[in-house]
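This is the structure, below, for whatever I ask next.
A, B, C, D, E, F, G and H label the chains in the order they appear, each numbered from 1.
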Amino acid sequence: MTMETVLSVKPFLAVLVSLVVIPFIVVSRNQNLRESWTFIAGTIKFLLVLSMLPLVLKGKVIEYTVVQIFPDLGIAFRVDAFGMLFALVASSLWIVTSIYSLGYMRSLDEHSQTRYYSFFAVALSATIGVAFSANLLTLYLFYEMLSLATYPLVTHHQDRSARTSGRKYLFYILGGSIGLALPAMLITYHFTGTLDFAAHGVMAGHINSGLALVLSLMFLFGFAKVGIMPMHSWLPAAMVAPTPVSALLHAVAVVKVGAFSVVRVFTGIVGVDTLATFHINGIICAIASITVVVASLIALSQDELKRRLAFSTIGQLSYIVLGIGLLSASGMTGGMLHIAMHAFGKITLFFCAGAIFCATGIKNISQMKGIGRQMPITMTAFLIGSLSVVGLPPGGGFISKWYLVMGTIESGQMLLLLVLLGSSFLNAAYFFPVFYNAFFLSDPEMTFENRVEEAPIWCVVPLTITAGISMVLFFYPQPFLNLAKLAVQSINGG
Amino acid sequence: MIWQLDLIILVLVIVCAIAAINVKDLLSAAILLGAYSFLLCLLWAIMGAVDVAFTEATVGAGVSTVFCVSAVFHTTRRTTD
Amino acid sequence: MKVQQRKSSFVISFLILLLFWVVFSGRFDLFHISLGMVSCAIVSWFVSDLSIPNPRPMGILRLWYNFFLYIPWLIWQILLANFHVMSLVLSPNMMERIDPHILRFRSRIRDELGLVTFANSITLTPGTITVHISAYGDLSVHAIDKDSAAALPGEMEERVARIFGE
Amino acid sequence: MDFLTVLISRANYWAYIILMMVGLYAMIAKNNLVKKIVGMSIFQTAVILFYVSIGAKQGATIPILRHGPVPEGGGIAHAALRHGTDAVQAVNYINPLPHVLMLTAIVVGVATLGVALALAIKVYKEYGTLEENEINQRLRRG
Amino acid sequence: MKLIGKMTILLCGILLIVFANKFPEFGDPHSPASTHLSPYYIEHTMADTAVPNMVTSVLADYRGYDTMFETTVILTAGLACFFLLRLPEEEEKEIYFRHVPTGVTIRIEECGAAPEDSDVFQRIDAQWVPRDIIIRSTSRLLMPFIQIFALYVVAHGHHSPGGGFQGGVILGAAVILFAISHNLRTTVAKISETSAAIMSAAGVFIYAGTGALCVMLGENFLNYGALAPLLGTDRVMARSHGILIVEIGVALAVMSVMIWIYYNLSSAGKQDEGL
Amino acid sequence: MNLISVLLIAIGLFFFLGGSIGIIRLPDFYSRLHAAGMLDTMGLFLSMAGLALYVLTDFTFANVLVAIKIMLIVVFVFITSPTATHAIVDAGVRGFREPWTKDKKGGSSI
Amino acid sequence: MVNTLPALVIIVPLLAALMVAAAGFIDKRACFPVAVAALSVSFLGAAALLVQVVNTGLAIEYRFAGWAAPMGIVYVIDHLSALVLVVITAVSLVNLVSSKQTIHREFADKEGAFISLYVLFTAGLIGMTATGDAFNLYVLLEIASLSGYALIGLGKARAPLATLNYLFLGTIGATFYLLGVGYLYIATGSLNMADLAAILPGMKDSGIVLFAFIIMLSGLFVKMALFPVHGWLPGAYSQSSSAAAGLIAPLTTKVTVYIMVRICLNLFSVDYTFHQLNVSDFLVWVAIATIVFGSLSALAQTDYKKMLTYIIIAEVGYMVGGFFLGNRMGMSGAILHIVNDAVMTLCLFMAAGIFLWKTGSEERGDLKGLFGSMPFTMAGFVLAGLSIIGVPPTCGFFSKWYLVSGGIAAGQYAFVAALLFSSLVNAVLFFRLFEISYFEPFIDHHHGSDDGGGHGGAGAVIQEAPMAMLVPFLFVSIMLLVLGIYSGRIVTNIIHFAIPAGVI
Amino acid sequence: MDTYILYSAMALSVFMAIPLYRSVVGPTVKDRIMGVNAIGSKTTVLLIMIGFIFGRVDMFIDIALAYALLNFIAVLAASRYFHKRKGLYQEMDR
């Protein structure tokens, strides 16, 4: 199946738009003006992404080369189904998150908000850049840009714990990307002579099995944002960031960029065939499964809500990797779909955590006894979100998990099926206490007794929206599902 | 080129150089450096490099020694090696 | 008067220097001679107040004439003294024969240039070295032995004094 | 070629090596800064010796053209010239190029010497000594 | 350190000796050095530049560009010494005067400006050297001859050894002799530091400016042949004269830089009392 | 003519030798200066005279100038040499170096 | 009509230096404008040369005094030298413009001499880059070195001693180079590089040529501070005044590397350097040692400027190692890194100058809270740091890309590892600085008051450096990005032509 | 005759070793200055002799002359040190 290629500057514009507003954000002295710039950029970006959707759904690919850096390699954009899927998620969630940040930041009266919004915009640009990148170099470029742009966001509080976490964050992310991903990329480039993402990967025929395995593992661990097990501990640490940051970046942008990169590399560079012929997928699956199980177990023992969510994220991300590792059409569809589904679910959860913190200043689950009565909307949204993450209807997560399960069955990996089901159970186990606490227990000190006192409206509205979308996706997953199927088709097709 | 003279002067030059770096007094070192340049001037002349000899004579005798002595004058003559 | 003096000292030094230039140069084409003129002019302009403070054109000529008469005698003296010192240095019992000592006397020469000439003549004569000379003619002379010292101030002073017209 | 011939026929090269090593030794191993500067001077002149030796030419005269005819019996260092003709022949004159280069090198040498001495004076003003180990001690103490 | 030094030197020495063995015969007229480039210089110097002294012609014409920078090196050294050493002029705490007829030394403290020198009262250094009439008169006598000799060397670089650099150094040495035999303050009064600095820059400027003039006349930098119309001679003589002009520039620069360096080195930057 | 110059040069060399020996043998530097400064000057004078005479064997104008120049060197040396000697002696005096005398042997002959 | 641009590029600064030297004693105000004007002309000339060379694809030859190549001295402007010329003039110009106030403050009455030496230094480097004569290079090297000694020598208290050490080693280096030229001369009788390059292949097996190669390279290694002979660099650079450091640190080592490249490629042929002699492996190992040593030493420093100097040493290792990998990728990387590293180092030292201006100190701890008080400066500083680390799309990434690719292609995995190690170390170094300046409260050293309080920079008043310093600095830091993005053009249009066809 | 001058020059250069010995060993700095001065006067003659050996004496005279003049300056500068400073040993005591 040959793909029709359309030349268009749109992907570049989509990346650029949030960078362009930064000067305006910096210059704006007025708070409202500043934030409206953010919104304008977000909207434009979303519309730009959306305008490309029909073309992509028609199976076309949009390409644009910005600058040719190396003779046969440059900064180039290429919009295909998978990238579109991710871009759609990220750009839509940016708008929502902007609304949420507005409420969160203002209600907590955080400092340096200008810096916050500026780097937020940079981070989004980078995310879209990763989504649309046409080759590994561009991907790497935006990946690094994202790592650096999120550093000030993670360490926004500029206190001792932020400093330690920031250090950890950089150590893992930069260490991984410079120490492992970069050399892997260069070695690949040396042997294959190209870094463009191809449907069947570029390694086939150029690289022997041992090197392919080493390179795959280097990529897997090098893109440390995906949080595969030994490289995961930055994620819980990064939870010191303000909640919108955690929400967008650690449910959507950063970690998903990691997952996206890994998927892109495995499908576009290493190639599904190479993974299969050299039996690399088994190893990847094993690593991912271990991460899933261990992360879920750890999550059980966490009392702080955001940390629990963080470990949950680690586990959920590995589903994506696992989905790719399955190499079956359904598995891959599920993996890709999980990027979207999990994003909507998890962001809701984070929003809720932030809303709770905003309204009551509470971080730990054990203190949330009876909070459901005080914040019914928030906690309902929380319920929907967690259903989605666990993979139960009517959450969108059910769809992706379904495909994953189907994938395991398709490829006959019964052990992995067991892992999937078991971990789902574990997921349920660590979310259940939260609403059990919230709705059915009551605090001895009766702190939350019958007082409806939700978080500010700017916080509540977004989380309602995301919860809603999460639910809608269960009933109408077509846009994402079609995109994921298209992507898988282009990988497996032909 | 006059090899007989050349050989004799070479020996003297080397002796002078070694003495200049081994003498235990900086003023003496400066003066020996002057003597060293005198001998070098001869050496150049022997090898037919008249212009070089001229330059060496003027620089070595007229200027470098004076500079060295001035510097020693403003610092110290003491040295341990 | 000052300007006059300067002018004449300029002319004198110019002429002397031009003589030297000709000797140095040995080229008599127009180009080199004119170069020489320029050079001499520059140098005389630069040094005229230094080397010839109070020019007396005729005096200088007489002085030089006398001076040239003095030189052969001086050289003869030097030669004699040289052989003397030579014999000292080369004699096996040198340490007995030498007797270094410093002698002091006052010269009757008052002219500065005369004093310098005298002192340098003493130094040039082996066996005696002028150690110190004051502006008033007090000399201390280091002599290597009694014989060398014996001649001082003696005839030499007479002759130098005669050159400078004293 | 026996040892002595080698020794004598290339004496200039051996001498340059010795001088160079003497200078280098002084620059590396001596403790006193002015000594090092002296060593540096020697080091540089060693190269000059090397270059001038390159330029040397057996039986040639200094690189200034002769005006008149060659005097009878004048000069034993350029035997070749005597049976040469009036025409300027390269073989009769010493190679002038190394001399030119070395003029430059001498100039550079004296310039470097001046700057080095200026620095030495500054060092002395700062530390009151020119001995490197004493300076280092002083630096370590405070 | 000493051991390392000795080891290095041993190594270098052995290396040098090993390779020196491969040289062509010493003084061999057929070595590459004597046959490749130099014959051209030797045989064409007269026809190209009308300068019998090949060293001068190569120095100032064939490789004149090198020499321009050689002069610049000297200027750089002068600037460097000034830059490193020169101290700001400070109010003098004590001034010494000497009553010449009696030889009494007077020390004046905390005076604003020093009184003028006179025949009777003479300003002297803190480390006073008695007026040594022998050295003083001899130097005074010799100075003009040294200078005229130096100028001769500059002017006759074409025909005999010498040239701008040697002449300049001798000129500078003459001034240094003056400074040594008299004192630094007198010398600085005669040739101030400012004028020395400006002259040194001007000297190099004469050189570079001559080159630039050639560029303006439409030829390559330092191609003195371009000066022919200006000098009213043919191109070969123009080269010869061009060489003389740049030699004068070199002499001026070298002289003043030598003086300048001496001023700074001998007084350690204070420019009051020299060697 | 040549014979005279040979003779002069020989005597000059002899003086040089004497000066050199004097430099070694004499006890202290004041007395050494007598040999070093003055015998050398005389040696220089004689050898230069010999050389100048030798130049004049080929009697051309250029050679006369050369001879004059050679003698000019002698003149300069006759002016500078005593001055230099005097300067060195003066340096010795200012360094408070007692001259070696017969009564106080050893004083400063180290 | 002769193309006089190659001459103008160096003559204009030279004449300006002379005028400035004189003007320093007549009217100090004239110094700065003259120097800036001259360097601008020089920069424009260099740029025009680059354009010409790229357009025509031919090297430009300029004959000084009108004599053809082996007799006289010629300038040869080819792709490589034109590129380096542009870098030199640009760096020098920008740094001069930015350090006007620093110069005025630090060298009040010696302004003229400083600026004159500054311009002379630049002229020396320009000449070294452009010349096609092996000996002329030595003379210009000495001009650059001498003015460099002077510029460095009048820095902080320990500067004279450090400079004296620099002088000794620099003299050894230059003299070794001169000796090498002498050996070449003895073997061939020529001094012109093109002429030598034509003669040398005929005498491949000559021991003299071999020794010339060895001794020239060792001299240059001393000058560029490769590992065992790096001792002079940290002291000299860290003790110098900021205006001088901003000129010397970015340029000296890079131009020396350029000369090494020139000598290996154009004088001794590629064939000789890489196939005849088997030194390249050894030299790559030396470079690896340099990188590792430089990185580790940089970790141990608390003084910001001293840390930078060790980074410079490591960067020298990059370039030397990359060049001696012997393949097209590695060489492209090394040459590209000459350009990039010059700009990066300039940026970092300009930042150091601003910090010094602001806090009066170069200790790491005194950077506290600067993010709050001078955000623009810190933004530029972060860019420079990222470029050193090698984060895309800053230029440091792309040269490192080529270097690593070259290392992989040559099978020198140790070199690749060293590069990555050094990148990581740089990341640690710079993020340590960022952390200090980001997390800790600002202390105003000039007023002695602590107006940061609580969150670093939260309440800090924005007090940027003067515009004259800030604007060039930001310009340079943006150049880092621009260079990074256009590095592809630089490599394909310029550097590829600079590498002889024989290199794969 | 030229051969005679050559041998004279050789003799002279051998004699030069003696003042050199004095300036290398010579106990005091003044001895060294004196040795250098003595080397200088011999060198002047030697230069002229070399000129004769080359048959180009007119070219060497200038060098010799410059040499004679500048040697004087160097000696003067060196001795000037003592005019202004005390001797080495006193400086060491200080």
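Throughout what follows, a residue touches a chain if its C-beta (ideal position, glycine included) is under 8 Å from a C-beta of that chain, and two chains touch if they have at least 3 such contacts.
Quick caveat: nothing in here was measured; it's all calculated off a predicted structure.
S.K.: Which chains does chain D share as contact partners with chain F?
M.R.: Touching chain D as well as chain F, we find E, H.
S.K.: Moving only between chains that touch, what is the shortest number of steps from chain B to chain E?
M.R.: Minimum step count, chain B to chain E: 1.
S.K.: Tell me which has more C-beta contacts between its two chains, E-G or A-G.
M.R.: E-G
S.K.: Going by the average position of its CA atoms, which chain sits the greatest distance from chain F?
M.R.: Checked the centroid distances; the maximum from chain F is A.
S.K.: When the centre of a chain is set as the mean of its C-alpha atoms, what distance in Å lies between chain C and chain G?
M.R.: Centres of chain C and chain G (C-alpha means) sit 61 Å apart.
S.K.: Averaging only over C-alpha atoms, locate the centres of chain F and chain H and give their separation in whole Å.
M.R.: 11
S.K.: Can you compute the centre-to-centre distance for chain B and chain F, using the mean CA position of each chain? Integer Å is fine.
M.R.: About 21 Å, centre to centre.
S.K.: Using the touch rule from the top of the page, what residues of chain G touch 2 or more other chains?
M.R.: Residues 135, 139, 142, 146, 149-150, 153, 160, 185-186, 191 of chain G each touch two or more of the other chains.
S.K.: Specify, in ascending order, the residues of chain E that touch 2 or more different other chains.
M.R.: 16, 23, 27, 31, 33-35, 37-38, 41, 53, 55, 59, 63, 66, 70, 73, 76-77, 80, 84, 132, 134-135, 138-139, 141-142, 145, 149, 153, 156, 159-162, 165-166, 170, 173, 176, 180, 261, 265, 268, 275
S.K.: Among the residues of chain A, pick out those that touch two or more other chains and give their numbers.
M.R.: Residues of chain A touching two or more partner chains: there are none.
S.K.: Applying the document's contact rule, which stretches of chain E touch chain D when the two form their complex?
M.R.: 1-2, 4-6, 8-9, 12-13, 16-17, 20-21, 23, 25-29, 31, 33-35, 37-39, 41-43, 45-46, 52-55, 58-59, 63, 66-67, 70-71, 73-74, 76-78, 80-81, 84-85, 159-161, 165, 261, 264-265, 268-269
S.K.: Tell me, which parts of chain E touch chain B in their complex?
M.R.: Within the complex, chain E touches chain B at residues 27, 53, 55-56, 59, 153, 161-163, 165-166, 169-170, 172-173, 176, 180, 258, 261-262, 265-266, 268, 274-275.
S.K.: Which bits of chain C are touching chain E when the two form their complex?
M.R.: 13, 16-17, 20-21, 24-25, 27, 32, 35-36, 39-40, 42-44, 46-47, 50-51, 112-113, 115-116, 119-120, 130, 133, 135
S.K.: Can you tell me which positions in chain F touch chain C when the two form their complex?
M.R.: It comes out as residues 14-15, 18, 21-22, 25-28, 30-31, 33-35, 37-39, 41-42, 45, 62, 65, 68-69, 72, 78-79, 81-83, 85-86, 89-90, 93, 99-102.
S.K.: Give every residue of chain C touching chain F within the complex, in rising order.
M.R.: For this pair, the touching residues of chain C are 23-24, 26, 75, 78-79, 81-82, 85-86, 89-90, 94-95, 98-102, 119-132, 142, 144.
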